[in-house]
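Labels run A, B, C and D following the written order; every chain starts at residue 1.
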Amino acid sequence: MMQENIRRSSGYLSWLTSYGIYAVLLLLVVVFSLGNSQFLTVDNVLLILQQASPLGIAVVGMVFVLLGSGIDISVGASMFFVSTVAGCVLNASGVIPAAWLTDIRGVALVLGMVLLLGALIGWINGMLVTRFRILPFIVTLATASILKGTGLKISGSASIGVAALGDLANGRVGPIPNVLILFVVVLIACDYVLRRTVYGRHLMAIGDSARNAERTGIKVNRNIVASYVICGVLGTLAGILSAGQIGSVSAGFGEGNEFIVISAAVLGGTSLFGGKGSILPGAVIGIILVTTIMNGLAMMNASPFIYTIVRGLIIFCAIALDSMGHQGELR
Amino acid sequence: GKQQGPKVVTLGLSCDSLESAWLVMNHSEVIKEAKKRGVEVIPVIAEGDAAKQNVQIENLIARRVDAVLCIPKDSSAIVKSIKNCKAAGIPIVMINRSVSGKVLPDVQVIANNQTMAENVLQSFADRARRNGKTYNVVLLIGNLSDENAALRKAGHQKAIAANPDVFKLVAEVPTEWNLDTTLKGLQNALQANPGANLIVTPSDYLWPPIRSVLEQRDRWAKLGDARHFPVVSFDGDEVGMQYLQDGYSWGDAAQDPVVEARLAVEWALQLIAGKTPPHNIIYDEGQIVTIDNFKELGPQVWSYSLLK
Amino acid sequence: MSDTALRLAGVRKAFSGVPVLHGLDFALKKGEVLGVTGENGAGKSTLMNIIGGVLRMDAGTMTLFDEPYAPCSPAQATAKGIAFIHQELNLFTNLTVAENMFIDGFPTNRFGAIDHKKITSIAQQAIDRFSLPVTPATKVADLSTGIRQMVEISKALLKNARIIIFDEPTTSLSSREKNALFHTIGELQQRGISMIYISHILEDIFRLCDRITVLRDGRIAGTSPAAEISENELIKRMVGRELSQIFPSIEKTISDTVLLEARHLKWRQRVKDVSLKLRAGEIVGLYGLMGAGRTELAKVLFGVEQRDAGELILNHRLMAQVSPSACIGGNAAFITEDRRSEGLLMSKPVDDNLCLVKSADLTNRLGVVNVVERARHNREAIKDLQIRVVDPATQLVSSLSGGNQQKVVFGKWVMKDPKIFLLDEPTRGVDVGARFEIYSIIMDLAKRGSAVLFISSELQELMGVCDRILVMQEGRLTGEVPKAEFDQEKLLEMALPGPALT
Amino acid sequence: MHNPSSDCQRKVWSIFREMPILPLLIVSFLGAIAGVPYFCTVGNLRNYLLQSSDLLIISCGLTFVVLNGGIDFSITSILTLGSVAGAYVMALSPLAATPALSIPVAIAVMMGIGLLVGMVNGLAVTQLKMPSFVATLATQLVVGGLAVQFTSMVSATSSIAGLPEVFFVLGGEGRFFFVPILIAVAVWLFSWWLLERTLFGQWVYAIGVNPKASFISGLPVKRTIVGLMVLSGVCAGLASVIATARNGVGMSSLGDKMFLTTIASVIVGGTNTSGGHGGVMHTLLGVLFITLLNNALNLLGVGWYTMMIVLGGLILLSAMSTHLLNSRAGWTWKKGQASDV
């Protein structure tokens, strides 16, 4: 047990492994700003933060699930599902009064409905995981398939405009994007929950050893279900914001987001085996790194073909640096 | 439990995916047309996976459909299915994406993507040259494993290269036919190239993120407004045509899903009846609709009736 | 009002149809320390788990301070004033000491936030009570097993319990900490708290307890006041037969062949310049206080950790690269102190565990394992070591009692007939009968010419079994005592940190 | 005590408990025969087996990784890069003129790519201590990106056609339909033998449960993990050969959508993602089940959306039945372990 936490104590390496991901980020920033003077401008930094915010919110939710040694790969599909539902409600005349569509009430109503739906999806995932003792991977794989299919059935696979959400998702308070403000609020609130509340500590304990937690009298099932509910709510919130930014929901919306979200969480130091990880700074730094790569490559006018290659290489290097000093799980 | 009633003609319809409005329209038109003619349709959708499409067509053959209609994902990979159909003696009709080479389907109903892409941009160039304007182009690129995307990209690039006095290509943005990728890519490209002043998109499908980005940069404005940002598009679906009519877009290369669907069903039935078509390729001529000719050509485009 | 704190009547429990407890009657008096002992698998932990609300009984009744008592969960048991220190440690390594102490009942403020000031100060008091070398904010992952056990005990003591159950609490404590714990138990008794103390170390039981209950095969084999029963009688009750001696005596000779030699081994700050020799036929004890670095030394010897400096000669061969597989190749074996995470595949059946090392010898050139041979070896090991298992092919190791799990680890290595045997606390949590068997195995191996390094925190057994005892203190060997000069006081003194030896 | 019929019953129980997908597979198969038109025709059953074959090969490889508690996302990109690189060798390279030479070279290249990527994954996991989840996600991005880049360099379109006709035999063209089926069966038998009969197999299970204890017991932990990542890569390379031959072209989109199907086959079969439990027997059933679903629902003309819903529902159902079977059979020691997960 002990040895797992002792990092190799030789100077450079230990520094590099503790701050590896920051080092990578810093290096990227230097390279990108040398490549294009537009990179290190306030506008562009705000742009990166704005782009990172919706998925960042989902990463926060994912951290909860991962900490309780679960995983939720239905995030992308539930983003699609709820955005589709929201789009249908917003577009179907007569469902909500027409006047509402143009003001905040309609958006608030849809938002409330969507978050409820997200909570429900999370609750179902959580119940299946805890009551039936099905592996989270399987449960969420299955619910992802069901959500995607249902969403497609509702939309008939066509794109649905969600322009009504544009003000929320693209608006700004002064120079600060709304989504960024929301992201920061979610971050602070969730970090507080994780570090300071009984729930947060219990979840960490469950992630360390569910069996011990059970014996200690912690309500293991209830806490795990709650983590899926949080993930569901934050995931759907992220979905709505992302859809609002785009202005439309198409059949491919959300696809693959689960992997971006999970890899951002892992980049930020959250373990896939539970009990280890953080929201601040972990979740934040992970998603910002992923977003910065894409922005920077565009800034460098890189060939579109190499985007995925470079992204893969950078993720590889960042995680390699981060893992080097650890006694890894070898899995 | 197989029922041997009076034999109903059954068509298999294999569609690459149903992502864009154009494809959805085309898909439902085929089914509508078939129903109108009292023909049953078994639709399968390959979710953008060429290998899966081949498997699904295999299943359709096993199901003994009378003919296969197909919007191929990959024009080379589909050759396998063409061979399978031939071996089983079932006619196969391509819609929207062409196949070339030794093994050809019985009929192909297609639009010429590369030429249309080239033409729509060329007509923009001609106008710009008349007005003495030059443009820094941001070119959106579809998913490159999609034949049509590759052809449209080639067409666009050809037009850009042919008019060096008008166009300068400043950024290529890969979209992977994913709206979120498009949004972020375009945001980044415009941030990186403040001088960019023309967006060329390979599909009307990408309009929502284009609009969103322009709105954020306060450039979403009609023609004539100083903030206007010109866009040239492809497909001619209702969104693209609407924006053309409203003055956000400068031109659209419209291909017609309704015509292509009707032609395809028509020819499938002819083939079942034993007729052979005069040519292997039956073209959907398409329209290059621009702000200059919208009044005459606009009404001929399939989506015109849907406009507000 | 009776004087019983807790009474159990007719308690039955079966696991998948196999009865483990057969209608027990059991009573704990107010303010007494009741010793409970019995062979491995006798059902002690099962019984305590029922009292602690972890398991539910199939039949029977419980009465707690004259009220009917039927806990459905550990939380309910805690609420009724029962604190339980489990045999297997129950801490969360990713949380701090303070958080662990309050994990099942955090004090919170108005906003639902944990009152960190409060838990830190209370935890500090608990730490001070045993003067543990930790702070409330230390992560449990950074603690040694022994300190973890102390934290676990402190945690239970915090709960103002009326009844405290200790299930083998001293398995990784040094004698100093043990003394501190016993002192505390005495204090608690003064305050009128009743305690159940489970242990295999009879010496401790006699020292601490007022009465002693012996469990055998899921039945009570007798309860007597400690003063009225002798150690021999107790053992007879436990194993059902006379056990004439605690340590087997076997005639063996120590040859001059050195099988393992270490020269100036260094590893981080934990092993400092250690040199030692093990001879064929020799059993060498390694004694030291908790944290002295014995485990690390053994791990470095076996290549689990890579040494920073020094030489290792195994079976006359200078090892360039030391790794477990290289050591096994040199016919060495290593029983680790943490069997759950380092010794066993907990979620695999007994069979798969037993043959883990041996299988490599039972393969043909294609790498195919000879299944028949494998099964034969497994059966033999189960018989030789008397492992209590229903169906070795399907029963998971995790369902065995602690002692039987240890026997499985033993079986895994003994099958290889090792020439060099490193044992790190091999008898931890093992009952007297089984201990005798383990000592016999060790001595038998030595008789046949193996060299044994026997790490233990119990001087008694070291003095009973070893030919020579090495003493370790803060990473250094501070003494070597031959059999003739064994003396408890002297050995303890060598182990204690002092200015004398540097 | 010894009652043969109850003994037999127990055996059946234990098989069902081990492989909860089995009853479901049997029921669905019977259902398909009874209710799906054209299912039970020679042509379709041939299709069914053919369609299972490449999935079985790639799933067998993945099973090894999942048994170690890991995951391998890179398999789909190996399919892709293998496909275009192999096609390049056979259709565009100087070797293309002599199929007798180009085909073996192409096959070697395709499997070699799998081997190489598997090796990189393995070393990343063992030497750099990266979790396989991210390591293989990263290699998937890189290798998949390379495939698209490569295709765009050598071909104007997204695929490379013009492969020699002989090569299609490997894809089961015409009367050679048995070839890929035989290859798949061979791969499966080999994997089964490896896992159940050899020392390597024992190591895989042991390391999957507890790498630390395995290391101390002298097992070559790192070599085994590299070995199973390589196996997974090579299997993907072989699947790439067959899929390429089946589709007749090298495609830069081959495998794009394959990952979920593959992982679904492995885990629906009952191999546990936390490592150490399951096997290729399970995977075979999983593959047969998933392919059966796709095949039967196609024949029924069930829509794409409905199919996704049904698929998800059935995955849940099979997993739930595991739970129900376990609690019915009352083998508590299994359950004790489940709560530990």
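Rule of thumb we're sticking to: a residue touches a chain if its C-beta (ideal position, glycine included) is under 8 Å from a C-beta of that chain, and two chains touch if they have at least 3 such contacts.
Just so it is clear, the structure is predicted and the values come from calculations on it, not from any experiment.
> Compute the centre of every chain as the mean of its C-alpha atoms, then state which one is farthest from the centre of subunit C.
B
> Using the touch rule stated at the top, which two chains are linked by the largest number of C-beta contacts?
So the pair of chains linked by the most contacts is A-D.
> Hey, how far is the Cα centre of subunit C from the one of subunit D, in Å?
About 44 Å separates the centre of subunit C from that of subunit D.
> Distance from the CA centroid of subunit B to that of subunit C, rounded to the nearest Å?
From the centre of subunit B to the centre of subunit C is 72 Å.
> Nearest whole angstrom, what separates the Cα centre of subunit A from the Cα centre of subunit D?
Going by mean C-alpha positions, subunit A sits 29 Å from subunit D.
> Two-or-more-chain contact residues of subunit B, please, as numbers and ranges.
Touching at least two other chains: 18, 144.
> Hunt down the residues of subunit A that sit against at least two other chains at once, touch-wise.
Touching at least two other chains: 157, 209, 214, 305, 307.
> Which residue numbers or ranges of subunit D touch two or more of the other chains?
Answer for subunit D, listing residues that touch two or more other chains: 148, 152, 303-304, 340.
> Sort out which chains touch which and give me every pair.
Per the contact definition above, the touching pairs are A-B, A-C, A-D, B-D, C-D.
> Within the complex, which stretch of subunit B touches subunit D?
Subunit B reaches subunit D through residues 1-2, 18, 42-45, 47-52, 54-56, 58-64, 73-77, 79-80, 83, 87, 101, 144-147, 150, 154.
> With touch defined as at the start, can you tell me which subunit C residues reach subunit A in the complex?
53-54, 73-75, 78, 86, 90-95, 99, 103-104, 106, 108, 112-114, 116, 139, 141-144, 268, 305, 338, 341
> If you look only at subunit B, which of its residues touch subunit A in the complex?
Touch list, subunit B to subunit A: 17-21, 24, 141, 144, 170-174, 177-180, 182-185, 187-189, 191-194, 205, 207-209, 211-212, 215-216.
> Applying the document's contact rule, which stretches of subunit D touch subunit A when the two form their complex?
Contacts found on subunit D: 68-70, 73, 124-126, 128-135, 137-146, 148-149, 152, 207, 211, 221-222, 225, 260, 263-264, 267-268, 272-275, 303-313, 315-316, 319-320, 322-323, 338-341.
> Report the residues of subunit D in contact with subunit B in the complex, numbered from low to high.
34-35, 37-38, 41, 43-44, 47, 50-51, 148, 151-152, 156-161, 174, 243, 246-249, 251-258, 294-295, 298-299, 301, 303-304
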